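Each of the next two complexes has subunit A plus one more chain, namely subunit B in the first and subunit C in the second.
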Partner chain A sequence: MTELLVEPFRLPYMQRALLEVLLLGALAGVVGVFVVLRRLAFVSDALTHTIFPGVVIAHLLDRSLLLGALAFGVLTAVLLTGITSSSRRVGADAALAILLTSFFSLGVVLVSRTRTYTADLTVFLFGRVLAVDRADLLQTLALAAVVAGTLWALRKELVLRAFDPDGAAAMGYRTAALDLVLNLLIALVVVAAVKAVGTVLVVALIVVPAAAARLLADRVATTAVLACALGALGGWLGLAASYEVSVDHGVRLASGATIVVVLVALFALAAAAAPLRRRRRGPGNPRGVARWIRSARAAAR
Partner chain B sequence: MEAEPPVLELRHVAVAYDRVPVVEDVDGTVLAGQSVALIGPNGAGKSTLIKAILGLVPVVRGSVAVLGRPPQASRRQVAYVPQADTLDTEFPVSAFQAVLMGRYPRVGFIRRPGAADRQAAWQALDAVGLAELASARFGILSGGQRQRVLLARAIAQEPRLLLLDEPFNGVDALSQELLLAALRRLRTGGAAVVMATHDLGLAHLACDEVCLLNRHQIGFGPIGTTLTAERLRATYGGQALELRGDGVIVARP
Partner chain C sequence: MDQVREGGGAVSDLLGTFSDGFARRALLEAVMVGGLCGVVGVHVLLRRLPFFTMALGHATFPGVVLAALLGVNLFLGATLFGAVVVVVVALLGARERVDETSAIGVTLSGAFALGVLLLSAQAGFSRDLAAYLVGSIVTVQRGDLVTTAVAGAAVLGVLAVLHKELVLGAFDRGGLAALGYPVLALDVAMLLLVEVTLVTSIPAVGTILAVALIVAPAAAARLWTERLGATMAVAAGLGIASGVIGLAVSQHWRVAAGATIALVAAGVFAVSLLAAPRHGLLARVRARRQPAAAAGPG
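== the complex of A and B ==
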């Protein structure tokens, strides 16, 4: 087992890949908690697609992919906040779908002009975690620090806004501003993940660990810790599995996609374990709690 | 020394969404310790008026003053209790955490709630009779218990004006008693209360003033003299029924 999970990471490029997926898994996991609580999975998916043309344009202009992704991430985070809070006649979901497909098509049109069309497209869509270098790692680290710091600073307010938007507004919080911040954070996670897992699969990194954690925990803090751990675990196991199969069995497995498959398997385990956990702790109904308090008091006497 | 301004002063208030007036010509004053029932059928503009008092929708004519200032400037003194059944019952927070949220504006960004905030949340939860269920998840509580948690959150805000939207909808008898008792204590402490309600009986129990609304104000004053058969018919139109004999009016929402 150690051979399988530790051995591959003696190689420097595998070490960098491991650090990258651990960071991304944890980061996407914790941001994902807010995505799942706010039911913004489709918004996140739209963001991943709208950032794609930014990456392509940066590539064509020979600029930093990060800057291109960042510019489009900010642009679409602003557009999305506007769409989800205002469009009544078209419907937010239809408006999102239009935004998603139009930006994505723009990216494909632009990338189709290059000679190395399919190779480029594959890299931008699915990433190349084994090609992550020191500079990429540092970029991811910096983005992770910004996202984690912002989440920490606004954790109370973001939870309150997710729980009770009217109540938050009545307390004087600008909910539209909080929404914009969350959309920007999601965009930053996508930006951080572009190089390693590509724009398409990052939504799985955001949504799947958080959804699994949601099944297992009934406090926001525990959900966040679990989502972090599951995201990092999925990254590690997925990377190790893709290496093992590719090197020892000669079957080429794309690392990014393998990570997603592992994450979904973890989600399935969580879904299977959730009813067991509920049964063990009781249905959690108030009568159960009252009974527990009575028995604890009796024991104290 | 200047006299303290009333807790709430509404002067010919009109509120509109997209230039379509929703409620017009609301005029009245609420003093400390008073409780006003906003009574009217669905769509009468009760919730809109509450939002205007919170400063969340713009007033197109007239003025709203909370403690002598515009609503936005007095938010720290105002607490709002939404209908419990509008909130997600799967949300992973405990009753205590939901109450503690009432302290967030005081705590501010970044910082975590301190001992005084936790103490205030405990006392508020105790005041609505839910201290034993503090660690239960909000969503597993009954409708009445969830409504009490939301009132406790408002109490933890230590408000001088409390706004409630249909606080007794789908609430069991015990919860209703405890809600009424907690509201009485708040008023004794000098807070003013404004509640939207369909229930005329509960309005009598919980309030001493009434504001009758149906897109415009039909009456505002002491509940005993303002809640007349004639005004109720004007408020509810065809939905008001007159019982024979003692002339009691029953209005269906």
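== the complex of A and C ==
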């Protein structure tokens, strides 16, 4: 077992990849707790697509990709906060979907002018964790420090905002400002993770460990620690698995996707274990499709 | 076509790009997909399903890969896998501790990662994938056109037959159940219609941008009209217009077609958001300046 889990990481590039994945897994796990509490999974999905044009423009202008992504991440975070708090006739989710697809299309249109079109698109979408270098690691570390510091400083306000928005507003907190901060933090995590796991799979890193942790823990602090641990564990196991299969069995497995599949397996384990831990169950408050099913069941009786 | 070209003007120039056979096929596909997505989009918005649609778009991906590996029809693979995902999301979201947004997020990324994993084990990884994500309307074949026409007609037919029930279900589920309709069956039918629409649009605009074509024209149409029938008609019109204009622009300037169509759709929405008569931003600002002239309270 140790051979499988430790041996691959004797290679320097695998060590860097492991360090990056552990950092990102832990970071995304913590931010994910707030994403899950506030039901912002769609917002994080939108952010992963909207930074694409930033990356493309930076690539075309030969500037730092990180800066391009950062600029568009901040722009999106601001637009998202504005959209979700203003338009009533359109609906927040419709506005989000339009913002997501139009920014993404802008990126595709720009990148389709270059010659290495599909290859560029693929790297952006799926990342290359094995190509992470020392500078990337330092950037991730810096972004992680900023995000973790902000979360720690604002933890009480953000939790209050998540559970009792009216209470937070009544106590004089500016909820719009808090929303903007959280959206910005999500944007930072997405930007940090994009080179390693790619844009589409960042959502998994943010949502899946946190959703699994929430199945197993009640307190926010415990959930955060658990999400952190699950994110890092998934990264480690996924990386080891993709290395093992690719090298010893000759089947190439994309490392980012393997990490996500491992995370989803951990989530499935958590979902299976949760009912054992939690015998007592309230009526809950399901939404959307789940609500349809419940009300249909109730109507059938 | 030479005379048209000599006639000058941007419009005739753009129309001139449709003179080739492949371009005419692309045009037909854009018209059909645009109209279909517009109509279905109104239902998607009524039921607040944009994120679900997005997830479904990603989640059909492993179905496509599996079908390609097994040599089965791609549409069939995508549709079957999408149906599995519908069930998983519904079951996960029904649990107390997992809200539906997170359930969709987990399912979306899990299914998508599975697709990437399957595909990465194959050769020729990036090309197929990019085509799947952003579409490639100019390579649409006669067979694709037939599939789109048949699937589109089927979806629109079911929507027309079940119109009353589906609309009532979106607004008042209790009422629908009280009238004795099978609510759950109707819900699943609606989700399957969305899924078939998505799968049909994938050859043209790809999975991510199909969401744009479903959501944007419908959201724009809701700003222009109040009545549902009119909204659907306007949405279909805007969808078709986005498809045709986007295709023409992309052909003219040689940029990715699917993405240009999505951008045009978003542009149509942005214009509507500004200029629509009652719900547009300009109209709202004007109403605030002249409270006496504004209709209704507030």
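As a working rule, the second predicted complex is superposed on the first by the 278 of 301 C-alpha atoms of A that agree within 3 Å, B and C clash if a C-alpha of one lies under 4 Å from a C-alpha of the other, contacts with A are read in each partner's own complex, and residues count from 1 in each chain.
Definition applied: a residue touches a chain if its C-beta (ideal position, glycine included) is under 8 Å from a C-beta of that chain, and two chains touch if they have at least 3 such contacts.
Everything quoted here is computed from the prediction, not taken from an experiment.
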Larger residue footprint on subunit A, choosing between subunit B and subunit C, goes to C
Touched partner set for A:214, first subunit B, second subunit C, both or neither
both
Practice problem: Name the contact category of A:162: first (subunit B only), second (subunit C only), both, or neither. | Solution: first
On the A-aligned overlay, A:183 touches which partner chain: subunit B = first, subunit C = second, or both, or neither?
neither
Check whether A:154 is in contact with subunit B, with subunit C, with both or with neither, and answer first, second, both or neither.
first
Under the stated touch criterion, which partner chain does A:106 make contact with: subunit B (first), subunit C (second), both, or neither? second
Practice problem: Classify the contacts of A:49 with the two partner chains as first (subunit B alone), second (subunit C alone), both, or neither. | Solution: second
Subunit A residues contacting subunit B in one complex and subunit C in the other 214, 283-286, 289-290, 293
Interface with subunit A, subunit B side, in the complex: residues 54, 56, 72, 75-76, 78-80, 82, 86-88, 91-94, 97-98, 101-102, 104-105, 107, 109-110, 112-113, 132-133, 135-137, 140-142, 145, 150, 153, 157, 163
As the complex stands, subunit C meets subunit A at residues 45, 48-54, 58, 86, 89-90, 92-106, 108-110, 112-114, 116-117, 120-121, 125-127, 129-130, 133-134, 173-174, 177-178, 182-184, 187, 191, 208-209, 211-212, 215-216, 218-219, 222-223, 254-256, 258-260, 262-263, 265-267, 269, 273, 279
In the complex, the residues of subunit A that touch subunit B are 37, 152-154, 156-157, 159-160, 162-164, 166-167, 169-173, 214, 217-220, 222-223, 283-286, 289-290, 293
Residue set of subunit A touching subunit C in the complex reads 36, 39-42, 44-45, 49, 87, 89-91, 93-98, 100-102, 104-109, 111-113, 117-119, 121-122, 125-126, 200-201, 203-204, 207-208, 210-211, 214-215, 251-254, 256-258, 260-261, 264, 267, 271, 274, 278, 281-297, 299-300
